[in-house]
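Each in structure tokens, the structures are laid out below.
What follows is subunit A paired twice: with subunit B in the first complex and subunit C in the second.
Let's look at the complex of A and B:
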């Protein structure tokens, strides 16, 4: 790749952002709808939210819940997925359960969980945990299943115990797939966070969004959408950078996210 | 007993365990019935609700939004995906936009859609379509761009027009990947339609749940959740059957 091409690849997402904002601006100017502010007006409203101390604390609290939920989900789901991938019995034990849970919107469990655990951090974190774990389990499962059998045999022949084989052969071999799952999970964590706050309507980023909608402060609504969107894009880009570093050895992958289940 | 039946039986164990634990929590008094109604009561209510016309209307509203959004996503996703794989020009335009839009949490757009499209079907359908679009688009693109180039070349050399190459070579070769994307998109549609209805709606399964939650009718809160789970299972099964019909003759799908 020439340096011009590298520059082009780096600049393209920024250009795309800019392009989308310009389209928005033009559409808003054409529609002249009171409830659809221009992109510039929305961007001007961003400092209003980020400058407000209470809103900032709310957003940071949301992020903390998201991080905890995501971390716990990863710690639990990766070993489970790997075990499912290596053992047929474990897989057939958990598969139907996961299939039943899959189409249930995790944020929709919010009202029920709130009844049991209250409206506090615990229930919101639990919902995020549930949302993240399924894709991570699924991708770890797929990754562990496609590990080459011969490597495991040679590991066993060289005297590795089952646990050692899991950590030293299966885990690294499945890592690219696992990280794809984590990337999906990260975006899902953000989605679940926002949705659960939209439903519980007590604090957090989702609540700010709908409060602004109820008050008719449309600039703030759209500013908050930009903030949440930027969070998603930044988190994804950061994770992608980390992923590249960790699995540099694997085949050059697709640079677009493959699954967003 | 065949291995398959054994697997199925093993899979029923955790489901049975959960229902048993649920029942035990209620019958030994660890959870008050107002917070956790016994499973028998919930399934009874589900069976009774399924034949009432109001509940059926709610299910129908949900299904309509789900399918409308999903179909829009399928058509757009496959078209854009194939176009991006076929033409470098379109690719260079689509790729950065997708990179920016795919990780964007689409639910955050919902308030904007409400303001622009109103509180009716349109805003919910758009949200479902926006959310289901990306997995379908990405897997179509992936499937179409990994089609063996030699196949396309030999078809062209044999005198097939580019249009026919699309329908006779590229689409069939990309079909497994496209269908995987559709499956993910379908599950997402189920989830999103429910959430959208929970946030603001006057009908649909999500609205049933919210109404029940506001009036603390715990039994009625479980019913829509179980219904959406069953719907997801049925739709997933239907798509799986369609897949094995469409992909008959493909090795190992």
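Let's look at the complex of A and C:
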């Protein structure tokens, strides 16, 4: 790629964002609707939220739940998915269970979970955990399943035990696929985080959003949407940078910008 | 010495029918011999190799190495597969060091030995490349070095040059022979190429298809070290090739489609 092309590729996502804001601004000015503030008004409201101590505490609480839910989900799901991918017995035990859970929107379980565990952190973190688990299990499963048999045989001939082959061959070989699942899981963590806070209105980023909506403070509503969106974009970009570093041995580079990293 | 004793292998097909892949194979492989198993595709020759490797358990019969029954894979038998089966997340050097590191060789020592092996297979300068950056022939060189690195007593080569173009293939055959001349490990080499089998081997085990049986064992009495250019002009080499091909043609359909 020439330097102009590299610059173009780097600038493209930012230009797309700018374009979106311009369209938003023009549309809002044309529609003149109270519930649809201009982009500038929404952006001006961002410091109001980020400058407010209580709002910041709420957002940080959201992020903490999300981090814990995501981390626990990954720690549980990767080993489970890998074992399902390498053992027919484990797969046939867990597959029916997961097939039942898979199509259920995890937020729909929220009322029951709230009933059992209350409206606090535990319920919300559990929903995030459930949301993240399935894509990570699925991709770990697919990744482990497609590991070349001969690669495992080569390891066995070198004296690796079955457990060692799992950790030192299946895990790294499946890593590109696992990380694809984690990336999907990360976005789902954000989605389930906000949804859970909309249902269990007690604290968090989702709660700020809906409180503002109730009060008719539409510029705050849109400012909060921008903040949540920016959180998602930043997390995804950070994760993508990490992913590329970890699996640089596997894929040829994409020439198209797939993220902001 | 490897003794294959009345080995039979039955697979279940997807239609849940029993398929006899190997039927009553008995074969003795002397230490230091280069033995090729030659047969048409689907004759079970790779399966036989996997059984010796301990990767597949025979339905009937047994394999012994130095008198001990083979129950699973082990570092005394090093496989080299047609599919290379390199660890793609490791560099060339990382792949070659993997076996010795597993066996507790110190990192610096494993690296030094690894570099020597990489040079021996002609890949000096590629130590830090990842497998995806290598051609098929180079990958197979790495796979050979990776297996030689942990000093197996027997090399189990499963159509190792089958996925390579003709030119790369002959170069690797030459290099394999040169490497083999140094320490004369026992080699069990699966191939469907008559020329390759005769060029490399002391002994060619001819197999027939469905079920896989040993049809004939041909001793290849050609001088070593062998040089391709001389050998191709040698009437004895030519006769071996023609005789073996003719035997397959006379196989009454079973082994004809080589």
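Heads up, the rule we're going with is that the second predicted complex is superposed on the first by the 252 of 261 C-alpha atoms of A that agree within 3 Å, B and C clash if a C-alpha of one lies under 4 Å from a C-alpha of the other, contacts with A are read in each partner's own complex, and residues count from 1 in each chain.
Operating definition for what follows: a contact is a pair of C-beta atoms (placed from the backbone, for glycine too) under 8 Å apart; a residue touches a chain by one contact, two chains touch by 3 or more.
For clarity, every value in this text was computed on a predicted model and none was experimentally measured.
If you put the two complexes together on subunit A, you find that subunit B and subunit C both fit without a clash.
After overlaying the two complexes on the shared chain, residue contacts for A:113 are found with neither subunit B nor subunit C. In the superposition on chain A, A:89 makes contact with subunit B only, while subunit C stays out of contact range. Residue contacts after overlaying the shared chain place A:100 against subunit B, while subunit C stays out of touching range. For subunit A, the partner that touches more of its residues is B, with subunit B and subunit C as the two candidates.
The vertex angle at subunit A, taken between the C-alpha centres of subunit B and subunit C once both structures are aligned on chain A, is 90 degrees to the nearest 10. Contacts of A:128 after superposition on the shared chain: neither subunit B nor subunit C is touched. Contacts of A:28 after superposition on the shared chain: neither subunit B nor subunit C is touched. Once the two complexes are overlaid on the shared chain, A:49 sits clear of subunit B and of subunit C alike.
By the touch criterion defined above, A:144 reaches neither subunit B nor subunit C. Once the two complexes are laid over each other on the shared chain, residue contacts for A:249 go to subunit C alone; subunit B is not touched.
In the overlay built on the shared chain, the residue A:15 is in contact with subunit B alone; subunit C does not reach it. Superposition on chain A places subunit B within reach of subunit C only down to 8 Å, the least C-alpha distance between them.
Within the complex formed with subunit B, the subunit A residues making contact are 12-13, 15-17, 19-20, 33, 35-36, 88-89, 92-97, 99-109, 111-112, 115-116, 187, 190-191, 194-195, 198-199, 209-210, 213, 218, 221-222, 224-225, 228-229, 231-233, 235-236, 254-261. Those residues of subunit A lying in contact with subunit C across their complex are 148, 150-151, 153-154, 156-160, 169, 172-173, 175, 247, 249-250, 252. Considering their complex, residues 50, 53-55, 72-75, 77-79, 81, 83, 85-90, 98-99, 102-103, 130-132, 146-147, 150, 152 of subunit C touch subunit A. Across the complex, subunit A is touched by residues 6-8, 10-15, 18, 35-36, 92, 95-112, 114-116, 134-135, 138-139, 141-142, 184, 187-188, 190-192, 194-195, 198-199, 206, 209-210, 212-213, 216, 218, 221-222, 225, 228-229, 231-233, 235-236 of subunit B.
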